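In what comes next, subunit A is part of two complexes: it sits with subunit B in the first one and with subunit C in the second one.
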Partner chain A sequence: MWGTEWPRFEVIKQDTQHSPPQMVGSVHAADPEHALLVARHVFVRRPAAYALFVAPAEAFFHVSQEGLKDLAPRREGGPEEAYWVFAKRSHRRSMVYGDLVGRFLAQGPEDAIAQALLQAQGVAFWAVPERLVVGTEPTEEVVESWFAPAKDKRYRLQSYYGLITAKGVEDA
Partner chain B sequence: MLDPYLKEALVARLTAWADDEVVLAQRLSEWVGHAPILEEDIAIANLAQDELGHAKVWLELRQELDGSDPDHLVFFRDPLEYQNAVLVELPKGDWAFTMVRQYLFDAYENLWLKEATKSAYLPLAEAAGRILKEEKFHLSHSSLWLERLGQGTEESHRRAQEALDTLFPYVRQLFQLLPTDEALVEVGVLPDLRALEAPYLEEVGARLERVGLRPPQGGYVPKSRQEHTEYLWSLLAEMQSVARWDPEAKAW
Partner chain C sequence: MVKLRIGYPEDPDYGERLAEFEARIARGEKIEPGDWMPAEYRRQLIRMISQHAHSEWVGMLPEGAWIPRAPSLRRKLILLAKVQDEAGHGQYLYHAAETLGITREEMVAALLSGKAKYSNIFNYPTLTWADVGIIGWLVDGMAIKNQTMLAQCSYGPYSRAMVRICAEETFHHKQGKEAVLLYAKGSRKQRQMVQDALNRWWWPTLMMAGPHDTDSPHTPLLLRWGIKTKTNDQVRQEFLNEHVPELLEAGLRIPDPHLRYDEKTGNWIHGPIPWDEFWKVINGEGPMNRQRLLARRRAHEEGRWVREALEAYAQRQLAQAAD
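This part shows the complex of A and B:
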């Protein structure tokens, strides 16, 4: 964090009740609750969503495909905690960069990613302790007020809106 | 089908709601490009668009009743014809002023919209239900800011309290009935706004107290929706300038 800048939070969006949470970008915010609110404004005004999660960006451990060979998971019998592990599946251009592979009990993020590698391929991986992930409540009230209104809003590309023109444009 | 007197009364009421939303949307939009952080800039543009969308809903309901054109009402009425409450026309002030006003207005909307979902006029009940969903989220946003401003730093608290001191008396105007409202209340089309003032003051008062802010006593409450401050003139002049510059423009 620099100067007076607010911390950055990674935003994780779940489109439907049965789709995997995906990393979609990040927001600056004062705290996790605030981050969730601005994430709703920035990422979910139009497309459908079922839930949002945020976690401090600095809490993410990340490793690329090239770095995997040097990954040294700690397995010394220490305490375990749950991690969420995300994988970027390919280099194809996308609005989304990591899909949730799963939740793994591990002694550290490296260990969690090593476990995730048994289930998923990818060109990059992220791991974040579950205790730092804050999500919207999966209640009907929240889904209705945070996400349902977006369904009625039509998304239009900028080019849909032409320039205002003077009268008699049809004849021009 | 509504009888002509009720129809006229409902047209007046829908116009008052729409004008509140249009004017507030315009004030919110003044922050675009100037909000304290990019994320809030996007957020406030969303809020402005939502409020404008709600105005459109009310004016389209009016259109069903009297055939009036929503765009014409918004862009070609003079300030004296606007029926908005003074609360929404006051200049945007600092961020605290904008967020405190938004909180006070969102809390009011959440309260009356909930009641309006029971309206005997079904198009109104249905629209209120739809708008209420969005307003619940708006209230989450403005409540969050109220809390952080009230309990943040000495400066944020001071600014929020100053905003509240100015704004609070104007809130009470929102609960006044228009001269023709009584008839709508009697037939169950309109919730009795006067009866909502006490629960509002209780709910809002409790939240303000929790975040360390104190509603002021007394203060001037405008007597009717014909009353405006000088600020409405410049707001409408800017908002209507393009439409009035070329009133016959017909294509986008």
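This part shows the complex of A and C:
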């Protein structure tokens, strides 16, 4: 349209060192480095984070609930590579969709999802080759410089701040 | 890449697929991008989500105008964060719409050409600082009523964007309410300023919920497919029942001589909404329609060099990697 249609990157956010990376949305960016920066502005304005990852949206293989019954994993003896597989666990209202189930050596995304299905249940799955995933480094320095400012804002749920009432404002 | 599976009424298995689709919605399942969906479901979602995204994008303008003129550093910081949130909400929503096979470029082009609609409320001017408080409390208050309803919607990406947005809009609502209540108890000049803002924003806010149910042709289908879970009049009623008592308690006068409390239903009943004004504004004749579009077009043009520079950088990186 105007010659600068940037590709779309899926964004994966890890809240703490011990929580699973989760798919949170997507951003448009010129390259993975740019995508990480945009992702930080869009998805980590307030909440704490330990790491962010991005991968090109077009590299994700997706199977929805309807497609799961037709999933036909191919194992033809070809080369294997590592895939990250994410599962959407339920239809519950949520901000996130896929939780990382694990890393699987597979001959293709269908094969990776079939392996993940042996470990986890879900109503939709995504698989992406690990070689296309780019993330922030898990070093103290990077975590500090990337995510500490948002953490320092002392993010809390809005309910923490209580009800605002005419009387309350008068007394304040 | 997710492959869309869209059904058209002329497809031989359309009736059967539609019945399965509606049964899924009735069971409370979310429809995800790769699932079969009727073409009309997709069309309605693109219309609604893109309008919603445009509203967040244009909605930055009326309040953004007051960032340099905020009365204190605290208020300035709050407003900066709020306007930044609205930009983020636009991002969430454009991406939700993209899962339906439309590009962001197509949506932005429709906005800039004037073809696409956005919420009427942003075609009104912010004349005083009190308008910022009233927008936070009432405009965002009505938006939250609508958005909490949409957070239950049947389309997964839209529902998730709404959950995320509601969490932030609730902050916006609280800061607006706190500001308005403070001015309502403040000096005579502050009270006049906030009353004047309420007088100007009251009816446009009630119009935000959309035409009455009897004049909303899309509503029955949107309800059937779980895109909406409440009607326009239900959303408006929820807003009134929450906000009218609080506004009155703050000592403010609501500019509706017919407003009354119905003991039997427990509802606040509003007087006739000036729909002529609503249709005039929606058709481009509001006080700020022209300025809002000009501002968005200017911002788009002024950002062109940034987009082009980043694109050139990415191309160079690719070329270097290939060498």
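Assume the second predicted complex is superposed on the first by the 150 of 172 C-alpha atoms of A that agree within 3 Å, B and C clash if a C-alpha of one lies under 4 Å from a C-alpha of the other, contacts with A are read in each partner's own complex, and residues count from 1 in each chain.
Keep in mind that, in the parts below, a residue touches a chain if its C-beta (ideal position, glycine included) is under 8 Å from a C-beta of that chain, and two chains touch if they have at least 3 such contacts.
This structure is a prediction, so every number in the text was calculated from the model and none was measured.
Between subunit B and subunit C, the partner in contact with more residues of subunit A is C.
Looking at the shared chain after the overlay, A:E144 reaches subunit B, while subunit C stays out of its contact range.
When the two structures are aligned on the shared chain, A:S94 is found in touch with subunit C, with no touch to subunit B. Touch criterion met: A:R40 reaches subunit B, while subunit C stays clear of it.
In the overlay built on the shared chain, the residue A:V27 is in contact with subunit B and with subunit C. When the two structures are aligned on the shared chain, A:E66 is found in touch with subunit C, with no touch to subunit B. When the shared chain is aligned, subunit C comes close enough to touch A:V123, but subunit B does not. Contact with subunit C, but none with subunit B, is seen for A:A57 once the two complexes are overlaid on the shared chain.
Touch criterion not met for A:H18: it reaches neither subunit B nor subunit C. The residues of subunit A shared by its contacts with subunit B and with subunit C are 6, 27-28, 30, 34, 41-42, 45, 161, 164-166, 169-170. Interface residues of subunit C, counted against subunit A in their complex, comprise 1-2, 28-30, 32-36, 81, 84-85, 88, 91-92, 95, 98, 103-106, 109, 151-152, 156, 159-161, 163-164, 167-168, 170-171, 174, 177-178, 181-182, 184-185, 246, 249-251, 304, 307-308, 310-311, 313-314, 317-318. Within the complex formed with subunit A, the subunit B residues making contact are 37-40, 42-43, 46, 50, 130, 133-134, 136-137, 140-141, 144, 148, 242, 246, 248-252.
Against subunit B, the residues of subunit A that register as touching in their complex are 6, 27-30, 33-34, 37-38, 40-42, 45, 141, 144-146, 148-149, 152, 161-167, 169-170. Chain contact summary for the complex, subunit A toward subunit C: residues 1-6, 8, 25-28, 30-31, 34, 41-42, 45-46, 57-58, 60, 62-67, 88, 91, 93-97, 123-124, 157-158, 161, 164-166, 169-170.
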